[in-house]
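In the two complexes below, chain A is the common chain; its partner is chain B in one and chain C in the other.
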Partner chain A sequence: MNKKKLYSAWFLVPTLLVFGTLFLLPMATSFFFSLTVWNLRDFTFVGLENFKMFLKEGSLNIGIRNTLVYALCGCSMKLVLAFFIAVFLNSGIRSKHLLRAVVFFPNLVSTVAVGITFKALMHPSKGLFNRVLELMGLARVDWLGNPDLALFSVVGTDVWKGVGVATVIYIAGMQAIDKTYYEAAAIDGATGAQRLLYLTLPLCRPAMHSVMILAFIGGLRSFDLIWSMTGGGPGFATDVLASVIYKQYAEGFYGLSTAGNVIMLGLIMLLAFPLQKFLLSREAD
Partner chain B sequence: MKKKKRRYLLGDIIGICMAFVLFVIPFLFLIFNSLKDRKEANLLRLSPPTVWQWGNYREVLAAGNGIIFTAFKNSILISAGAVALLILFSSMTGYVLQRRKDRLTKVVNVVILMGLMIPPAILPTIWILKGLHIYKTLAGIILVETALQTPFSVMLYRGFIASVPAELEEAGVIDGCGPFALYRRIVFPLLKPVTATVIILNSVSVFNDFMNPLYFMPGRDNTTVQLTLYNFMGQYSSSYHLLFADVMLITLPMLLLFLVFNKKIVDGMVAGAVKG
Partner chain C sequence: MKRRYARLLAGLTAVMMLAGCGAPEEQKNRGASAEGEGSGGSAGTADVSDTSAADEGSGEKGAGDGGWDYQEDTLTLLIDSDASQAGLLAVCDLAKEKLGITVEIETRVGGPDGRNIVKTRLASGDMSDLCIFNSGCLLGELSPGEYFIDLSDEPWADQLEDTFRDAASVDGKLYGIPFAASTAGLVLYNREIYEEYQLKVPATWDEFMENCEVLKENGETALIGSFGTMWTAQVPYLGDHYNVIAQEPDFAAGFQAGTAKYASTAAALRSFEKLEATVPYYNEDYMATGYDDGCEMLANGEGAHWIVLSGALANIYELYGEEVNKIGGFAIPGDDAADNGLTVWMPSGIYGNKNSEHADSIKRFMEFYISEEAIQAYSEALLPEGPYVIKGVELPENAYTAVKDMAAYYDSGKVTTAMEFQCQIKGANCGAICQECVSGQITGAQAAAKYDEDCKKQALQLGISWE
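Entry: the complex of A and B
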């Protein structure tokens, strides 16, 4: 039997049907509906009005800025923190398996639950965070109420929840490194710091790339945590694209909401795809 | 050697202390406060309850005519439905995409992998669901979740099938299997390990999904676990004991799952991340 018959294209049909109708088709039509004023039934074509509004209106374009800040901060913090946690948990300490499990577990907890918990911990007057600050003789901080700080408080929570995945990816990458390199380095008298800098760091680059892409795209798309912790507030200080899309939908501005979706897609194409390509090309060397 | 041992011991101590402060205390805070009475819980302190109020959990379960039970039922149905479709559809797709390399499979592969990065277009999805008359139904959201998890599941299957020897299929053909019998009788049973990963990871992400139910299942009666949790946050803003009891009820199944399938979950996530 030839390959075409044996591995029949019919096997692909169910997936293509579901994925095509509920992912590809919406994506394709979103380009059109983002150019309309729309109520899911009738539409009026308005050209680029929605996009112009999105870029002009302060309460909307702050979403673009915040999305970028959120993704960049979250991604870089996970990238760095997880590396050191992974080095630590990949050493000879006896509790490493237990600690790996503990660091990883928050990832399985629902994001809304994490949001609720940290919102309580960050309560301005009685939250645990501020209690600790007071015990140390420092002033209270309004974690989620201060518009300059709120976004970073949410990013911090995001890192708390997501650093575990990054860590286990790094650990897998480090365990794949050939042990003989370290033996050779030890014979040459390399110090621990030198081994870390000249062996571990360059050799776990593929893992680092996975972490970077995953965390960056996750950051660009994030919604649940922001929505459960601040709802985009105070004011619009923590609104990201995903929350703007939801707000416009809830207000009935369907065309504007779809335009937000297209902008998010554009950001990912513009930033994440080239990043992915760049990282892959570096891996090939 | 002795010096090294002492350093590791020091590492153990520091590591455990840090993990306790950063990762255990938030959960202790939740557990303790979910078992206090209302006044004590609203102080948001990290002390054990003076009187352990197990009745809080009963109160949460009874809230809103037992809406939590409806929510659990719906969330379990959605997860189970999506996972069943994903196993069936994605294994078939991953199988053919791995075994057959021509223009068609190359295009399908690229299109599906794109779904790992690109955000779903939400309102047009609602528009299509409405057109199919499955908006606000369990069937609708099961299909949406299936579509969204397809890229990840196909990738896991495709990666695993690369390690299954094709000789078994040749033997099956000689014994007279047609394409579908071959798949059902010989290939699919060999995929058990990756199927287990697909089941666990997808149930977790569908069960924990908040955004899609928010858009595709609005309304009070056909709610999901994450939506009730979100609504409780508004309703119980001054009854932290009940809010935290609800959070605990939702977190416990995940904890049990993790205690049993720790390795499977971690390995699956790493495999998914590295191959993507």
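Entry: the complex of A and C
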């Protein structure tokens, strides 16, 4: 019995080795270096100074707020939009296969390319968006230059890019719903809206949960889109945790940026694990 | 086997003789170097003399003309893409002809991303042979002693002006040669627009604001904002340093020691207040306008003023040719008309990779780069953006109008170096904070306080106690 256990344990060794050297070890060292002022060669131990600075200073802790806003807005918009697109694409329309491909297409483009393209589209005087607005007789919008709007402009781009994946997950979930439910509902005289509300919505809940978790965690650690569109600006208005950490790293504040990474790891764990647990518990019944 | 040792020894002797006594001789000869004999050190002759040097152990390597050693080699050079390269390319072409050194240029982005690339490449041992990077306090962040060749004892390094020597030295050791001429942070203005509205070059900040107001009322873009390129946002504040120092001569030292702060020193706070005062006058799309757009706007008269580094002149010249002489320049005005001066930046340095296998060629290239011959080639391709920092080299006759305007400040001694050459601490988020201020999110006073706070990180990193 014991021998058998040992035998099977050997299969875990390669995985553990990779996991240990590439994940556990760096994590332990990063916990250590987050407590130091470090220039890659030597370090000075400063206790919790880096964490204090990170949480106290406006240009650093704005990242935490913006990350949450970004993740929540992006996640909820994808959740709702993708649901309706999926319902539409799951109906009997003729070109649905083509449309499914079209909806998924933005996801195939590199994020940085999307960022640069949208930055050009959102240019206040030369961008296509404002040209169209002007043709329609509307005022120009400073999409990325207005500090109150910039973050939401980036969120919008993120939704455009990410809604395809969410839609595909929804479609898969909806196709798994047994057709007999709909037949029964039709016989009972349920309207389209009732079928949507009382059949489709509750029955594709597992798909919805997957979308939620994926979009939320993806939003928490997003970086590339923001960096290519605004670089965190104007000022710090669109800085998220990842971009703040990157900037500290780029400036050579290795200890401080490591502390930021530890905070980000903690934040993601703190939010994602309970969320997943909550969603799983709801799926059970 | 024995023969191999002998060859090695011979080669070593040759190198040592070259390093030991070759250099001063070359320097004597250089003045007399004639340009016509360009092809003197062709590849063929070099190969012959090269082998003979190794075999006979003689110090005469390459019969290059004008006293330059000719030995073929290839060096890589890393430069940021915002820098104008025409001058560098001209010198590289000449170096290939005279020294046999081919320079392969790699580009990187400018700003914080670019600094990150340099730091990462240094730390990972992947740096090119030559690297162009800021002088001043940013150089100190790279720990140059670990990575760059120490040039302090090179005889040719004496040609460098002391101000540059200081800026390219860390702990008393010199690491770089000037990549270009010095630059200044100043107000560039379109002279045609000034004539059209009969404006005078302002002597004080209030007069400057009045000029802007006149232009604004007439529907012109009074100030060009190019804050899509983040570093340009900090120039109005950084370029105001002369006015700070004029009133508080000890400010830089006090700031380094942690006793003086921007927020609590009236003269220094004024720099940020002025930044805030510029907000109403920018072009509508100022947050999306980039550096190159700014050059275009100024050259085409789409904007009247642009507060930027004089390096923009070279960029404008490359893109729009003679239009550049429509542009004049004046120092960022202060409150005292009698004591207003220019804040200057030492040029970026060219640094040699200590771990390169081509150390000898790197030094040969550097010595050549600051020779009169090379500077002439440089300024034929690209006129200087300010006075040179090499002793005895004067501005050429056909210098840009704005550079001649700048020279007037030098002549009257109303010049000081920027904060980053007087104090080791430069806040990492300087550009972003200024951007935040000009986009109207915070006031000038808040920006000053925020910048003080931001600098704490750098102080902590450098081990300077500010408590």
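The rule is simple: the second predicted complex is superposed on the first by the 267 of 285 C-alpha atoms of A that agree within 3 Å, B and C clash if a C-alpha of one lies under 4 Å from a C-alpha of the other, contacts with A are read in each partner's own complex, and residues count from 1 in each chain.
Everything that follows uses one rule, which is that contacts are C-beta pairs under 8 Å (C-beta built on N, C-alpha and C of every residue); 3 or more make two chains touch, one makes a residue touch a chain.
These numbers were taken from a predicted model, which means no experiment stands behind them.
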Partner chain in contact with A:His123 - chain B first, chain C second, else both or neither: both
Which of chain B and chain C A:Phe253 touches, first, second, both or neither: second
Greater residue coverage of chain A in the superposed arrangement, chain B or chain C: B
Partner chain in contact with A:Glu57 - chain B first, chain C second, else both or neither: second
Which superposed partner A:Gly231 touches (first chain B, second chain C, both, neither): second
Contacts of A:Ala207 with chain B and chain C, given as first, second, both or neither: first
Partner chain(s) touched by A:Val37 [first = chain B, second = chain C, both, neither]: second
Partner chain in contact with A:Arg221 - chain B first, chain C second, else both or neither: first
Partner chain(s) touched by A:Met264 [first = chain B, second = chain C, both, neither]: first
Interface residues of chain A shared between complexes with chain B and chain C: 40, 123, 126-127, 249
In the complex with chain A, residue positions of chain B that touch it: 4, 8, 11-12, 15-16, 19, 22-26, 29-30, 33, 43-46, 85, 88-90, 92-93, 95-97, 99-100, 102, 104-105, 108, 111-112, 115, 117-130, 132, 143-144, 146-148, 150-151, 154, 169, 173, 179-180, 182-183, 204, 207-208, 210-211, 214-215, 225-226, 229-230, 233, 240, 243-244, 247, 250-251, 254-255, 257-258, 262, 265-266, 269-270, 273-274, 276
Chain B-facing residues of chain A, complex: 1, 3-12, 14-16, 18-19, 21-27, 29-30, 33, 38, 40, 88-89, 91-96, 98-113, 116-118, 120-121, 123, 126-128, 131, 160, 165, 168-169, 172-173, 206-207, 210-211, 213-214, 217, 220-221, 223-224, 227-228, 242, 245-246, 249, 254, 257-258, 261-262, 264-265, 268-269, 272-273, 276
Chain A - residues contacting chain C, complex: 37, 39-41, 44, 46, 49, 53, 57-59, 119, 122-127, 140, 142, 144-145, 147, 231-237, 247-253, 256
Residue ranges of chain C in contact with chain A within the complex: 112-113, 115-116, 119, 123, 141, 143, 146, 227, 230, 284-288, 428-429, 432-433, 435-437, 439-442, 450, 453-454, 456-458, 460-461, 463
